[in-house]
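Quick one: the structure is below, questions incoming.
Naming follows writing order (A, B, C, D and E), and every chain is counted from residue 1.
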Amino acid sequence: MSRVEVRNLWKEYGDQVVLERISMDVAPHSFVSLVGPSGCGKSTFLRMLLSQETPTRGTILVDGQPLANEPQPDRGVVFQKYSVFPHLTAVENVALGLEFERAPVTGRLFGRARRAALDEAGALLEGVGLAAARGKYPAQLSGGMQQRLAIAQALARKPRILLLDEPFGALDPGIRADIHDLMLSVWWDTRMTVFMVSHDLREAFYLGTRVVAFDRPTEKDAARFGARITFDIALDPAAPIKERLREAEHGTATDDLGEELAAMAAQADRDDPAPAPSTRRDDPAPRDGETA
Amino acid sequence: AAPSAQAAEKTSFKLAWSIYVGWMPWGWAADNGIVDKWADKYGIDIEVVQFNDYIESINQYTAGAFDGVTATQMDTLGIPSVGGVDSTALLIGDFSNGNDALILKDGDSVEDVLGRDVHLVELSVSHYLLARALATLGKSERDVTVVNTSDADMIAAYQTDDVTAVVTWNPLVAEILSMPNATKVFDSSDIPGEIIDLTVVNSETLADNPAFGKALAGTWYETMGIMMSDTEAGRAARAAMGKASGTDLAGYDMQIASTKMFFDPAEAAAFGASEDLKTTMESVRTFLFDHGLLGDGAPSADVVGIEFADGTVMGDESNVNLRFTTRYMDMAADGAL
Amino acid sequence: MTRLVNRHPDRPTRLLLAMLPFALLIAAYAIGSDMRLAENPNDKLLPSFTALGDAITRMAFTPDKRTGDYLLWVDTVASLTRIAGGVAIATVFGLLVGVSVGLLPYARATLGGFLSAVAMIPPLAILPILFILFGLGELSKFVLVFAGIGPFIARDIAMRVAELPTEQIVKAQTLGASTWQICTRVVLPQMWPRLMDSVRLSLGAAWLFLIAAEAVASQDGLGYRIFLVRRYLAMDVILPYVAWITLLAFSFDWLLRVLQARLFPWFAPEGASR
Amino acid sequence: MTRLVNRHPDRPTRLLLAMLPFALLIAAYAIGSDMRLAENPNDKLLPSFTALGDAITRMAFTPDKRTGDYLLWVDTVASLTRIAGGVAIATVFGLLVGVSVGLLPYARATLGGFLSAVAMIPPLAILPILFILFGLGELSKFVLVFAGIGPFIARDIAMRVAELPTEQIVKAQTLGASTWQICTRVVLPQMWPRLMDSVRLSLGAAWLFLIAAEAVASQDGLGYRIFLVRRYLAMDVILPYVAWITLLAFSFDWLLRVLQARLFPWFAPEGASR
Amino acid sequence: MSRVEVRNLWKEYGDQVVLERISMDVAPHSFVSLVGPSGCGKSTFLRMLLSQETPTRGTILVDGQPLANEPQPDRGVVFQKYSVFPHLTAVENVALGLEFERAPVTGRLFGRARRAALDEAGALLEGVGLAAARGKYPAQLSGGMQQRLAIAQALARKPRILLLDEPFGALDPGIRADIHDLMLSVWWDTRMTVFMVSHDLREAFYLGTRVVAFDRPTEKDAARFGARITFDIALDPAAPIKERLREAEHGTATDDLGEELAAMAAQADRDDPAPAPSTRRDDPAPRDGETA
């Protein structure tokens, strides 16, 4: 639930310009999908929103204030590379944020407080379908399971801004749909502002209230020109549509969904001069019931 | 910690000794309550600390951590006295009478050492012994090559083919001589009385606390009395000293045989008052001066004054830092302790 | 033909192979000893196995006449106490300083260079100063062991901390961790197993320094005994003592390895399955 | 307030901080020295800076009366030659054995345990045997330095090889690599920078062993001089020598670090950007 | 171009059964898509095909012969976690396989031979769109770029069997389509047999000549029951259809593609009693030309 303003942002690594002239004004409780070719600087952009890196030029304001100069619990993150803690079990990984909050000195809860935190963490794990892997260490989990763990961990502290870097890439469609649900309901309940990098355009359009694409003007001379915003579509900031979409998904009218999405995209098309691709949603995921 | 050891009047004292045939009595006396007995008599405390590393014990004494130490007269002059610690030779325990030796492979006279690499602990009494041995031929150190070799490694070194000449002390001498092809061509009995083993104390401390000196002298000569006796107790004492130095009774007796122990305080006092001592010290300080050990700016061997029992001073009278005295040995001889 | 990288010896072969180098060493010793003894039956450098056995019986299983103690055990207890003390101090120091230097830019700026420099000082060269500062008692022995391996452990741990992915530290901050909490909940717990590796690597040096300390001033300990009999070239005592030290250190090494696997199941090097 | 983990000192502050512990050390020395000299103007333990300066002038810039050499430089050349030789052998050995043990199950079964055991043997305790085998000349000094750090480097490298992800080794095999090719093209090149770290960590120990070796039988070298003048508690010579050794070792450490960054741009610890 | 027969394969980790009763007979020049929920054992299955792990029970035959007991250049792989070599630049990474082949002793080519290998590698890099990153080390590449590099590397040795573990997960749709093309043409030219794990069902159906799904019978008791094959659809072993699909993709008739795929799936449906989900293909990827 924070307004994020990005003003004329540049990022260079040595000679190489990665991003240039990035500006956007993100309303509170937006869900911004970031898309663009690999290597164009999406992760770099998120790292700057996180204060992990500093822009070469330009500023980022959150609720009118310059960004804190270090990562804070107001901004949660799920990294592209798995970033869970290898020395903690799944449930401990999720509970860690709660322990940080509730035990400032020891960083560790005991007795009832600890059980309570573990219970909360367990509930979050259940939400991402990892209830059975509760006591496992990350090294014992598959790639997708680790990624889900990272999502649960990031949600535990209920950040006001959530940064997701290809969070669902390693998930199968069944689980992915569940986690989309979870994501949307958490987003709706906590009214947080989300930035999500995704390579799945359907996902980007389905989840986002706004889709922003980065790209370089030319492939030649890649080092001299950074990526810019090539299109920026506000899909519909009014959340109820998302809610309806979610409900629709749970229902059986799956075939209608594609049309809904197309309509949505079409409307976005009218709002914005940039040519948006036509979009439909259909999910060929074989549900357990259908195939077992 | 350092300065307090040299402070004026006090009641507790520390003596450092290291493992060597002539100093083993200190360890035995401490183990058998003789030190405590005499300390109690004078109402003081004496802590006797064993060192395995001789040089480190002198260093610690020089740095002020101890009130007394066992050392040769040459090292006393070269280390604490040069280092500004006014030291008194309280007790003359013995002089080396064959304990230090020059040993050759394939050679049977001192001449054979010429041109060889001689392995020894540089700047130690071994080095001095070599210089004296060469002097008997009218030669100098230029006629050999000195290779510094730590005493701990001397025996092993001798077993290698690289090494054909060593100068060292007991028990290493005995060990090396037990090997095939080892001939002793010169030893300290050829320069009797020049390598002297002392118990040295800080002069200031002694001046302020004569009781310390008396207690040490009392302890020493009671111990001497026991160990020299040809009784069961004497053998047991020597056996224990031998054991503590890593050998047995026979080995230890053999080492004593090449040591001129002053069991009798009167004899020690007489040695300490003799004119020969002055000649010896002249020769020793010249050796030290030649090797740059009397200080870097030292214009001559006179920089450090040496006071003898008769009150005469050799060298700089305003910088007397080594004192020979027979006072405490006399007291022991007179039974005045 | 299977590549060598993929060929795993089975259990008995593994045992056999593990014993092979030891067996070769013993055989080489036996031959060398025989040759020297044939030449000089009194040779002390490489005593026969009988002589070694006698010495072991004497040192380990016969009470000392003077004190009634079994020397080997007295020495062992003394040395183990000292090395445990020294290694413990070095470990605590190494962990604290290493984590600080690895994690905190200010600590790194202040101590990074100093630590590298201090690690290069040969402690044996400044023994007189150490003894004046810490006395000649047990403390100075701890200190020498500590001075010998403390800086090493600290530098090693600092390198390991620096190897933690930045993402982890950033992630912890987004979860609200303070610097202190990052230390205690994220960095320190991950350093425990690495600390064990570090201690294992420095164990050899620790014994070396202990022996050096005991050779200067002490009245018991394995290093003291070795030093004492060394001037008689009593290899029949020295060799069993060295073997015993090696065995002790090796057992401790093994213990650390087992403990590491037990206590930190999450910590397995990436290629551990190979 | 910014967390301590995120606070980076700027360049001048960094320089200041880096010098701080050195300055404190020097100040502590100055005070201690003054106190002792006030008691005894001839005190040898902590000589004044003037005395240290004199000693440096004498050793480094005045020809020796007897030989006409500048002693410090003669000693330095002798010691550097020896340490370079010893470290070079240890490095080659450590790399070869470490890579084999880390990569090949058969080598690990054969040498893994043996190496751990050998690393625990205190080389100084078996000097007599080393002398018999290698003589008293330069060779034995190389060997002592090598024996001191070779097993350490080998074990360290073996651990690092084991840390390479299994995927890399498997990947290389799917590209058709033989065991030999895996060694030379995949494992060895990735070990170079790690080897540099390993050498850096063992440099302190290398000097220690060199000094010990030079105490045994030699006529020059930094360790020789230190042991020689230790007999006369000439701390005015020892301290500059120790400082010089530290400086040399530290420079080499720094050189290795710079070289590592230059030669292996791909090798940066995960958290290097912190 | 190898027939792969899998006979009653089981894999257990300690007490946990990961896979059970896996059997399949894969014709030469098949393109097998493996799908299934995360953590069900797809990567484990590939590791066994690679001889990186040994089955607890059962056998795998390649062209009638038991699988070699170690990885060989006849089976290439792209791992889920990036497995390029960090110490080699992009072009060196790709050329490495050629060097292994052509310089058995030194493992290193010099002079002209080296230039030739680097040129070949460069061409492959161009194919995956990494021509500009030729001289960069993996650490300097973004996640998706590293993954593309791994693909080029695996193709360099022209393996007879290629194992891909979510190879396209980190790629944006534009690049992904290009690499699909590349993949299909290489597959067609070299006639290799491909096993690909993917969470993107459209991709699985689009690329595969056969889609195999793994799943556990129950979510409870996950440790006691391993995953099995829950459906196995032979889409069409005759390659020309794929070829047509590929051509169609290049053309403009993008909208028709979905129907084609659906038809294809429907036909598969008739061939196979297992109920296949209805499938359509549409690619909302904004091509450079459309959006810049």
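One rule holds in what follows: a contact is a pair of C-beta atoms (placed from the backbone, for glycine too) under 8 Å apart; a residue touches a chain by one contact, two chains touch by 3 or more.
Chain by chain, the UniProt names read as follows: C, D = ABC transporter permease.
On a predicted model such as this, the values are computed, not experimentally measured, just so you know.
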Note: chains that touch chain A and chain C (ABC transporter permease) both are D, E
For chain C (ABC transporter permease) and chain D (ABC transporter permease), the touch-path distance in steps comes out at 1
Chains adjacent to chain B and to chain D (ABC transporter permease) under the stated definition are C
The chain pair with the larger count of contacting C-beta pairs, comparing C-E against B-C, is B-C
In terms of mean CA position, the chain most removed from chain E is B
Chain A to chain D (ABC transporter permease), mean C-alpha position gap in Å, rounds to 49
When centres are defined as mean Cα positions, the distance from chain B to chain C (ABC transporter permease) in whole Å is 37
Chain C (ABC transporter permease) touches at least 2 other chains through residues 3, 6, 45, 128, 132, 165-166, 173, 178, 233
Within chain E, the set of residues that touch 2 or more other chains is 70, 81
Among all residues of chain B, those touching at least two other chains are 2, 59, 63-64, 155-156, 159
Per the touch criterion, the pairs are A-C, A-D, A-E, B-C, B-D, C-D, C-E, D-E
Listed in rising order, the residues of chain C (ABC transporter permease) that touch chain E in the complex are 2-3, 6
So, in the complex, the side of chain A touching chain C (ABC transporter permease) is made of residues 50, 52, 70-73, 75-77, 79, 81, 83-88, 96-97, 99-101, 104-108, 137-139, 153-154, 156-157, 159
Within their complex, chain B touches chain C (ABC transporter permease) through residues 1-2, 19, 49-53, 56-57, 59-60, 63-65, 151-152, 154-156, 159, 171-172, 175, 178-180, 240, 243, 245-247
Within their complex, chain C (ABC transporter permease) touches chain B through residues 40, 42, 45, 65-66, 127-128, 131-132, 135-136, 214-219, 224, 227-234
Listed in rising order, the residues of chain B that touch chain D (ABC transporter permease) in the complex are 2-3, 6, 55, 58-59, 62-64, 75, 78-79, 82-85, 119, 121-124, 145-150, 153, 155-157, 159-163, 292-293, 296
